[in-house]
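Shared chain: chain A. Partners: chain B in the first complex, chain C in the second.
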Partner chain A sequence: MDKLFVYLQYPFVRYALIVGVLIALCSSLLGVTLVLKRFSFIGDGLSHVAFGAMAVAGVLNLSNEMIVVLPVTVICAILLLRTGNDTKIKGDAAIAMISVGALAFGYLLMNIFSTSANVSGDVCSTLFGSTSILTLSRWEVWLCVVLSLAVAAIFILFYNRIFAVTFDENFSRAAGVNADRYNLLIAVITAVIIVLAMNLVGSLLISALVIFPALSAMRIYGSFRSVTICSAILSVVSALGGILVSIAFGTPVGSTIVAADALVFGICWLIGSLKK
Partner chain B sequence: MAYLCVKDLSLGYDGKAILSNLDFTVNEGDYLCIVGENGSGKTTLMKTLLHLQQPISGTITFGDGLSSNEIGYLPQQTLVQRDFPASVAEIVLSGCQARLKNRFFYSREEKKLAEENMERMRISDLSDKCYRELSGGQQQRVLLARALCAARKILLLDEPVTGLDPRVSAELYGLINDLNRQGITIIMISHDISAAVRYASHILHIGSKIYFGTKEDYLKTSLGQYFLQAQEVSNG
Partner chain C sequence: MCAALILLCGCSKEEARAASVSNQQNVSDVIEDLASKQEEETNEQQPQESAEPETAPVPAIDESGVRLMNCSGNVDIDLTGMNANMIYSEVYNMMAEPDAYIGKTIRIYGMYTHHYEESSDRHYYACVVRDALACCASGLEFTLTDDYVWPDDYPPEGSEIVVAGVFEVYQDGYFKALNLSDAVIEKYTPNTEG
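What follows is the complex of A and B.
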């Protein structure tokens, strides 16, 4: 316990906690919608795209990677979510194609144009987010705070419409609601969250942040509102717990958070089974 | 002027017509049943009427104070809905989504409207229950209540009794019939031709032959007789 308070005096630990909690909150809010729309894997696909974009940014020697990564990921998210209904390449195949392709190109670029001595170390930390959350700059923290608050605010304001479009898109269209606009909104904020979350858990583990809390909450509750609130709480608790454990025991941040999420899912699954 | 006037309509996918030369009208208080074999284009017609799909040619005109998005829609259940965590109250309230216009949250009147329609469908006691735990008949009533929130004048129902047992189907038909008597215009797609001729005022038969007219006239045609008999045989 004392050790913890000592650590909390360091600004980078406080930054990590703030950013971790905010990202966990945002990803869980959207997670419910994405899981229900059968887009659980979009997190994975988009994060690989972001990985590829990051490699490009690295090659171009940009000081600020976000300028490339965020727009590229947003565009891919729009393309992926749009193809949901009637296209030649079906949703899951499209996601798989883009995600594996981006991953391969990203790694290729990083290898060919490597600027650092330790390429595999760089790749590993981008994939698993090993330490980047503990090395955030003040500027990155502020960006993260602003973007997550914006995502949370948009989610709350459009909560009723997001629910309606998720539950029954055709009904919304028939009622004269512009469902495409809200699908686009969902796509854009998904991309933003994923780019943010790459700092936290790395691009291989992002799906866990998106789907675990939603699935856990769905085990226990039966209304959209309670599922959303519950998944937000579970996600924040797991992220806090994961970060603290990883600081105390020196484990990798991303995988510890995901392990905490998985543990919570196990508990929720048990509670859900006992309730029935 | 009729609520809905369809003239020389052709519809289908990717420019290929699966149904053409369709003419019919729906007036206030009508109960129209659309019947036809599988694959004859019933659901496509429904989607075209709802503007979910563009017609290939022809026109659909709305009149008599009805605008195109004042139609309540009862869709066939989708895979997503079967395990969706949502309470009955949340789903019924989502019927008011078109009334939101530029607001973000539902007003007190809209919540009251949802409650009234739950009352009407006799599902008020289920309002906190989870949709996926309801029986098939109860789920249909929830979706009907939602459709009633979206529209006061006309409802489009797509195969509302699919998968329901006969007793529950009869109950649902009764409920729909009550709504029709309260002045709500009904357009229903149905496989169930015996129920169609029992409740409907008009029949639209689509397929290789097209027929539109009142139920009484339909029964006199050879087409109607043939289909009624075919169904009786298949029902044993």
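What follows is the complex of A and C.
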């Protein structure tokens, strides 16, 4: 415990906790919507797209990768979330195709046009998060704070419309809600969260941040509002616990957070079973 | 009088003594008084001075033939008690913001590695630290003191070492490089206090 307090004096540990909590909060807010819209796997697909975009940014030697990563991920999110209606390649197939395609191209580019002496290290770090969350600069922390607050504000502001679009798109259209616009909004927010979350848990584990808290909350509560609030609390607690455990015991940050999420899901499943 | 003044000024202890001098004493009394007090103090300090060599750097040789020494100055940043994540992150920060660490004495625990650059005929020695996943590594180059003779006093490649030295930044060709100068290799003792 004393060791943990000593570690907390380091600025990069405090940055990690701030960013971790904010990302966990944002991902859980949107997680409920994505799970209910049957887009649980979109986090995985978009994170692979972000990985590919990051590889391109690396090849182009850009000091600020966000310039490439964020727009590319947003465009792909829009394409994926709009596939439901008028496309030949439907939902899960489109996600799988873009996901593995971006991953393969990203890795290929990183190998052929390598600008780093440690390609395997870079790949491993991007896929599994590694210690990226502990090596954030002040600029990255501020960017994350601003984007997270924007995401939370948009969600709260458009809560009713997002709720309507989530449960019944056709009904909300009939009621005069511009469903396409809100689907676009959800796609953009999802992309922003995915790009931010890559620092926390890496590409391969992002889906856990989106899915686990929402599913855990659904074991206990039934209403959209209760599930959303419970999901946010569980996600923040799991992220905080996971980061603290990984700092104290030297375990990999991303996988420790996901393990904490899985543990919380197990507890919620038990509570849900007892309630019935 | 001048002699007395010269003797009395300098640091706070002497100032305190000056305050205790009575106006009724003459110069020779004061000098005698001070001389006897100083002799007493010197006698009291002697055991401490004789104990100093025990804490001074004492070269030793470990099982692998590496010369072990103690760092002469105070260590500002001790990374030896930290886990892999924390060491990796702190070293990463040193590379990202080196100015904040210049002049500080740093003690680090990691894997010893050596590289010889033929073009510049220069040896590079580094202590490499891996993160918890063991896929990412960051390291610090170090330059041992002149007490170390290459290659006899240097550790075997890949061995775990503790190095302490003063952090500095230097220009190596086109690159800004980090280095622990006047470094010594110390005996590894797990620091449980963190």
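In this text, the second predicted complex is superposed on the first by the 275 of 276 C-alpha atoms of A that agree within 3 Å, B and C clash if a C-alpha of one lies under 4 Å from a C-alpha of the other, contacts with A are read in each partner's own complex, and residues count from 1 in each chain.
Here, a residue touches a chain if its C-beta (ideal position, glycine included) is under 8 Å from a C-beta of that chain, and two chains touch if they have at least 3 such contacts.
Computed from a predicted model, the values in this text were never measured in an experiment.
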Would you check which partner chain A:170 touches, where first means chain B only, second means chain C only, and both and neither mean what they say? first
Chain B versus chain C as contact partner of A:12, first or second or both or neither: second
Could you tell me if A:227 is touching chain B, chain C, both of them or neither one (first, second, both, neither)? first
Per the contact definition in the header, classify A:61: touching chain B only (first), chain C only (second), both, or neither. neither
Return first, second, both or neither, reflecting whether A:253 touches chain B, chain C, both chains, or no partner chain. second
Taking the superposition as given, does A:128 touch the first partner, chain B, the second, chain C, both, or neither? second
Touch test for A:137: chain B only (first), chain C only (second), both, or neither? second
Which partner chains sit in contact with A:158 here, chain B, chain C, both or neither? Use first/second/both/neither. first
Given the touch rule stated above, what does A:2 touch, chain B (first), chain C (second), both, or neither? second
Complex interface listing, chain C residues touching chain A: 81-86, 88-90, 92-93, 96, 131-133, 135-137, 193-194
Chain A to chain B touching residues, read off their complex: 32, 36-38, 157-161, 163-164, 166-168, 170-177, 218, 221-225, 227
Taking the touch rule as given, give the residues of chain B at its contact with chain A in the complex, in rising order. 47, 50-52, 68-69, 71, 73, 75, 78, 80-81, 84-87, 89-91, 93-95, 97-98, 100, 104-106, 128-133, 146, 150, 156
The chain A residues in contact with chain C across the complex are 2-3, 6-7, 10, 12-13, 118, 120-121, 124-125, 128, 130-131, 134-135, 137, 246-253
